[in-house]
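The two complexes that follow have subunit A in common; it is paired with subunit B in the first and with subunit C in the second.
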Partner chain A sequence: MNSLFSLITIAYRNIFRNLRRSIFCIIAIAVAVFFIVIMISFVNGMLRSYSYTLRTYEIGDILINSKDFENKKEFYPLQFAIETEEDLETIVKKIESIKGVKSVNLRITAIATLTNSNVKHAVIWGVDFEKEASTNFLNQKTKSNGLLKDSKIPDPNKNECLIGYRLAKKIGLNIGDKLQMKIVSSQYSDKFFMPKVVGMFDFDFLSYDNNYIIVPIDKLQKVANLQGQTQQIFVFLENPEDSSKIIKEIENIFNKEKTLIKEWKKNYWVTMLQQVNIIYSIIYIVFIIVASFLIVNTIIMVIHERIKEIGMMGALGMKRGEIVGLFFLEAVILSKIGSLIGIILGGIVTGILQNFPISVEQMTGGIELPISNTIYISFSFIYLIEAFFFGIVVSSICTIFPSLKSAFIEPVEALRR
Partner chain B sequence: MKKRFIFLFLIVNLLIFSQDANTILKNIDNNQVYDSIKYEGEMIIYISGKKYVKTFKTLARGNKEFFTEFTNQDDLGTKYLKIEGTLYVYSEDLEDVMQITGHMLKESVMGSDLSYEDMTENNTLSAQYNAKIVEEITYDGKNVWVLELTAKTKNVSYPKRKLWVEKDIYLPLKEELYSLSGAALKENKIIKYEKIKGKNFPVQIETRDLLRKNSKTEFIMKNIDLDVKIPDSVFSLKNLKK
Partner chain C sequence: MKLLNLAFKNLSRHKTKTIITSTAIAIGVWLYIFIDAWLSGIQIDSKRNLINFEIGSVKIYKKEYFEKKDEIPMYESFKNYEKIIERLDKEGYNASPRIKFTGSLLSKEIELPFLFIGVNPELEKRVFKTHEFIEKGTFVEDNLFGIVLGIKGAKDLGVDIGDTVKLSTVIDKKDENNKIKHIYQVMELRVIGIINSTNSIINGKIAYLPLSILQDEMGLMLEGHITEICIRKKDANFTELPKNSEKAKFIENKIKDLLPGDLILVDWDKDAKDYISVSSGDAILSYITIALLLTLAVIGIANTMLMAVTERTKEIGMLKALGTKDSEISLLYFMEAGLIGFIGAFAGIILGIITNLYMVNIGIDYTEFFEKSNMENIGYRVIGIFKSIWNWDKIVLSGIFSTLIASLTAYFPVKRALKINIVDALRFE
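Let's turn to the complex of A and B:
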């Protein structure tokens, strides 16, 4: 212990022997760690928005639909409703009674053909809008239901709808206008439909704002010949992490041969997000490795310069391991200081930037991605700690090998030089 | 001298009895032209291994006006009207009359292999196409001409067609419809025909949309009455909304 302390003290003093070189090494690590903090914060902000958007609109915490629907889900076919032995109301109550379930939302989605020559098709979304808005923030940016000024929720007893504000603009519709469309019902009937636009929504989600029309689910059930049936059931939980436990209770309610029940963790996009995290970790490691080249080069130079000194230390009884440890500790101290500076600066910058929205539309040129249009950098002390350890661990590993070089120097030969 | 006479005799017979393609086309049209028609129809749609049956009643006058009302449970109350070149639809869900125009005409009717364009297109083949005989073969045990039709103008649904026309009755037993690029889009086959008022009238036709997998549509006409008197009020928007 005493010898370790002594080595640390010697290593620390050695840093000041060539201060300029030491400062360059520290700056290199600091810059790399700083950028890693920014990247981790940005990526996590993006992934958080992505995950929330995916779960709110596409997959829920647990998603239930028929296997036939799953095979053709990109067409949103109305012909494959969920088959249940009991009536839908009873099923919903059973699911709602499971501990940990926050909300059970029924949804029907279909492709509608519009009569408008500018926009030929749109997606019609049959939901209980009030229930959806109380379950999740439909507009993540404003933390609201996304309804714009002068809009009201459609009455299920009337022929009314909401429309995405971007879609309305493309078609040239205002509140109060009628929207002509056709859908193909569950019995392959052409159902013509002309609801009145009673409101517009801005979900800050390009895909929905550009393409969606919302009608009360009761109305769409009637038009699509799906009375008492639904295409999909979205289950939202108090804690999404409990999905693995709760899904087992839900599976007992349905016919497993015909029904598909999936939890959000096993969704293709979510597992892809997890892979993305791994890829980003590799990118961080590469950043640090590149920054560590300066320290590695410094260690090699220092060993070469102090070869007589190494010989002297060996001759005075210092073991090879202690000599290697000395150079290694020098590198560790440099990377520690650099990482600390990096996370302090990175933390300050991300702390400020987290209040400024970033437009995904401007970044991507308007490509519709399953992510909110506005994302925020996510600040967390955990990210700072993560970046700090990335900085120390990776640069330390890089410097082991050049430090080992000093172990192979023979004292006699070193002193002779 | 004798040889010359025989030769001339053969030429005259050839001229009198040979058919050119456009004449064949006119004869096909004659079988399907009427002043008015009233019938009960059935459209059986086979798609993805399931069968959907739509029933309806139709009244039509020439090739310019028709009125159809669906009578099967799922489509009860849905009515279509074509007048003055425009197609209209009315249903209870709609609560009003809607015009079907533009790209909607290309949409499939009730998920079938027929489009609204197919249902409303009613100009004669001879008015729209130039024809040529490609070959004379036996098809399904019958002697047929195989005709290739090329559209005279650009605004037809199918710029090219191929017909297998039975010689005795001037009915196209099989028809293939092509795009301008030559891609095969649809195929029609006459399954059954009846003799009605001197015409060989197709009463059961099978259509396949070749761009769709596993689907076909059978169009069946029953209780056909040709050249009946139909009041003008039938072909009106007021009647559509009733």
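Let's turn to the complex of A and C:
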């Protein structure tokens, strides 16, 4: 133990023998680690926004719908309601009573033809707005329900609706106007209805702001001939990570032949996004390796320069392992200082940037991706620690090999040089 | 030449060090070549598909239409365009008048939103390549109540050639007082063709039908109105992007006297601005990554050169004592640094060429990804397989650039070397 400590002391002192060179090594590692911190924070911020948006709007934590609906879900057909043995209310209560379930939300979605407007189609979203807004932030940017000024929540007993603010702008609608539309009901019949617009929403989510009209689910059930039935059940959990456990309990409630129950973790997008993380890890490794080349070079040079010293140390009885350790420790100290500077700088930058929204609208050019319009860089000490160890581990592995070179030096030969 | 030889010999004094330093450059150059070829491959494919299927080289719109073209405002239409087309024909341009509107198609099972394009088949065939990609049946024919669908759209609707579909839409027109009226229209059509092209949008929920049947009470009562004219030069090469003679300004001058004040000519790249910005967004992130990687490599070279100068203090003193000029010494070190860059760039280029050989000829198949993710509009107008292209000028440039940058990093070490006092240097241990 004592000898390790003295090795560290010697290694530390050796750094100052050629300070300029050491600074170069430290800068390189710091640049690489800084970049990694920024990338980890950016990518994670993006992934978090992706997954939150997906879960809030498209897939829930656990999603229940009929198998027939799944095949054609792109077109939101109303014909394939979930078939249950008991009535819907009892089922909802049953799911709600499972431990860990935060909320059970019923949703019906349908394509509407707007019969008296220059915009021809919209998507009708039949939901219990108050319940949805209390489960999730519908607008992530402002952390609110997304309703604009002067809006009120539609009354299920009246003929009222909410409309995406971009859609309203396209049609030229204002609050108080009426909107004529037609849907194809679950009985394949055309149903016309004309709700009054009582509010507008801005979910900061392009495809919803551009295309969606929200009506109370009770109202849509009546129009679509789906009384007491629903197209989809979204289950939200206290902790989304528990979905694999809770899904098993939910599966028992439903008819397995006809109903499909999925958890968010198995969604195609979610798994694909996780693969993205692997690709980025490879990029991080390449960065650190390139930065470590400097340290590797330095160690090679140092061994070359101090060959006489190595001979001396060997002659004075230092073991080979200790000599290797000395050079290795010098490299590790350099990469530690570099990584530390890298994460401090990265931490400061991401800590500041996390407060500034990044608009992805320009990046996506108005294409409706399943992502909210604004993303934030996510800042976390865990990312800093991750990047720190990433830097140290990868560069240490790289520097082991040149350090080993010192073990092959014969003390007697070296002293004669 | 003698100096170059000397620089090369100097490099071989520490072979491992030289190899490691140049590997950093090699990785950067290699990544650059790979990503550049890959992105430009997708972009050029995308642009070609936009021009050959959707835009042509120049479009004529009503000004108000262009301002809100994403909404497809069919009420901003115009008529009496025949003279413009005649003149364009005389000047050597093909022009295709079209009307675009949205509505629904109903099969027996389902009602789906579609984008409809009314065309004059003869003129459309001259400007676009869509008709060459009819998988089944034929392209639209004049006065025939037939409709041609994208392959994915047809599949979603569950229809095939010979089936009957119902088109239901609301036609928007401006009346005399400039108020928009909405007229509900339904017509029955037979599916006569299915398109399977290289453009993902055209394969989706898009339907082509002849302009001629839409004009009167039998159709949609358009009465000669269209929303756009697409233009392409008669001898245009469809595999290349439009040249200067196909620019909006150039064409505008030829038809200026015929052009009503409310019509404008729009270049294809201006028309497709949104889609192009998607691809540049992707590119920026990749280039920043490569730039940072090269920065690291450059720091590496600077470090190596600094070590070289310190190590050879005695030698430099000797060279000076023997009468070597300062300029020769600096050139020697610039060359040594440049050589490291050159070796790295060379290795990177070879690696890049090897990867590109695969990427250009085979590419990466994303068909499964597109099917699973269920996205029609990804910004890029490509289907399935992504291939790279050869960008020889960029490959050569990347080599020259990294050699130059590498040699510049020797600047500070050289300054240090020149400051060395001969007497002190010779005594240096």
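As a convention for this text, the second predicted complex is superposed on the first by the 403 of 417 C-alpha atoms of A that agree within 3 Å, B and C clash if a C-alpha of one lies under 4 Å from a C-alpha of the other, contacts with A are read in each partner's own complex, and residues count from 1 in each chain.
In the analysis below, contacts are C-beta pairs under 8 Å (C-beta built on N, C-alpha and C of every residue); 3 or more make two chains touch, one makes a residue touch a chain.
What you are looking at is a predicted structure, and each value in this text was computed from that prediction instead of being measured.
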Assess the superposed three-chain arrangement around subunit A: do subunit B and subunit C clash, or do they fit? clash
Superposition-derived comparison: subunit B or subunit C, residues of subunit A touched: C
One more residue to check, A:Ser244. First (subunit B), second (subunit C), both or neither? neither
First, second, both or neither for A:Ile283, with subunit B first and subunit C second: second
For A:Thr90, select first, second, both or neither according to whether it touches subunit B, subunit C, the two together, or no partner. neither
Figure out whether A:Ser6 sits in contact with subunit B (first) or subunit C (second), or with both, or with neither. neither
Is A:Phe24 in contact with subunit B, with subunit C, with both, or with neither (first, second, both, neither)? second
Examine A:Thr271 and indicate which partner it touches, taking first as subunit B and second as subunit C; both and neither are also allowed. neither
Quick one: is A:Asn118 in contact with subunit B, with subunit C, with both, or with neither? Answer first, second, both or neither. second
Quick one: is A:Phe293 in contact with subunit B, with subunit C, with both, or with neither? Answer first, second, both or neither. second
Taking the superposition on A as described, I'd like to know which of subunit B and subunit C A:Asn174 touches: first, second, both or neither. neither
Of the listed subunit B stretches (57-65, 75-83 or 111-119), the one clashing with subunit C is 111-119
Overlap the subunit B and subunit C contact sets on subunit A and report the shared residues. 113, 115, 117, 120, 184
In the complex, subunit A touches subunit B at residues 79, 113, 115, 117, 120, 159, 180, 182, 184-185, 187-194, 222-223, 225
Interface with subunit A, subunit C side, in the complex: residues 14, 16-17, 20-21, 23-24, 27-28, 70-71, 73-75, 102-104, 110-113, 156, 168-170, 172, 180, 182, 184, 273-278, 281, 289, 292-293, 295-297, 299-300, 302-304, 306-307, 310-311, 369, 372-374, 377-379
Subunit B residues within the subunit A interface of the complex: 45, 47-48, 50, 52, 54, 74-75, 78, 89, 91, 93-96, 98-104, 107, 109-112
Contact footprint of subunit C on subunit A as seen in their complex: 18, 20-21, 24-25, 27-28, 31-32, 35, 72, 74-75, 77, 111, 113-121, 170, 184, 268-269, 272, 283, 286-287, 290-291, 293-294, 296-298, 300-301, 304-305, 362-368
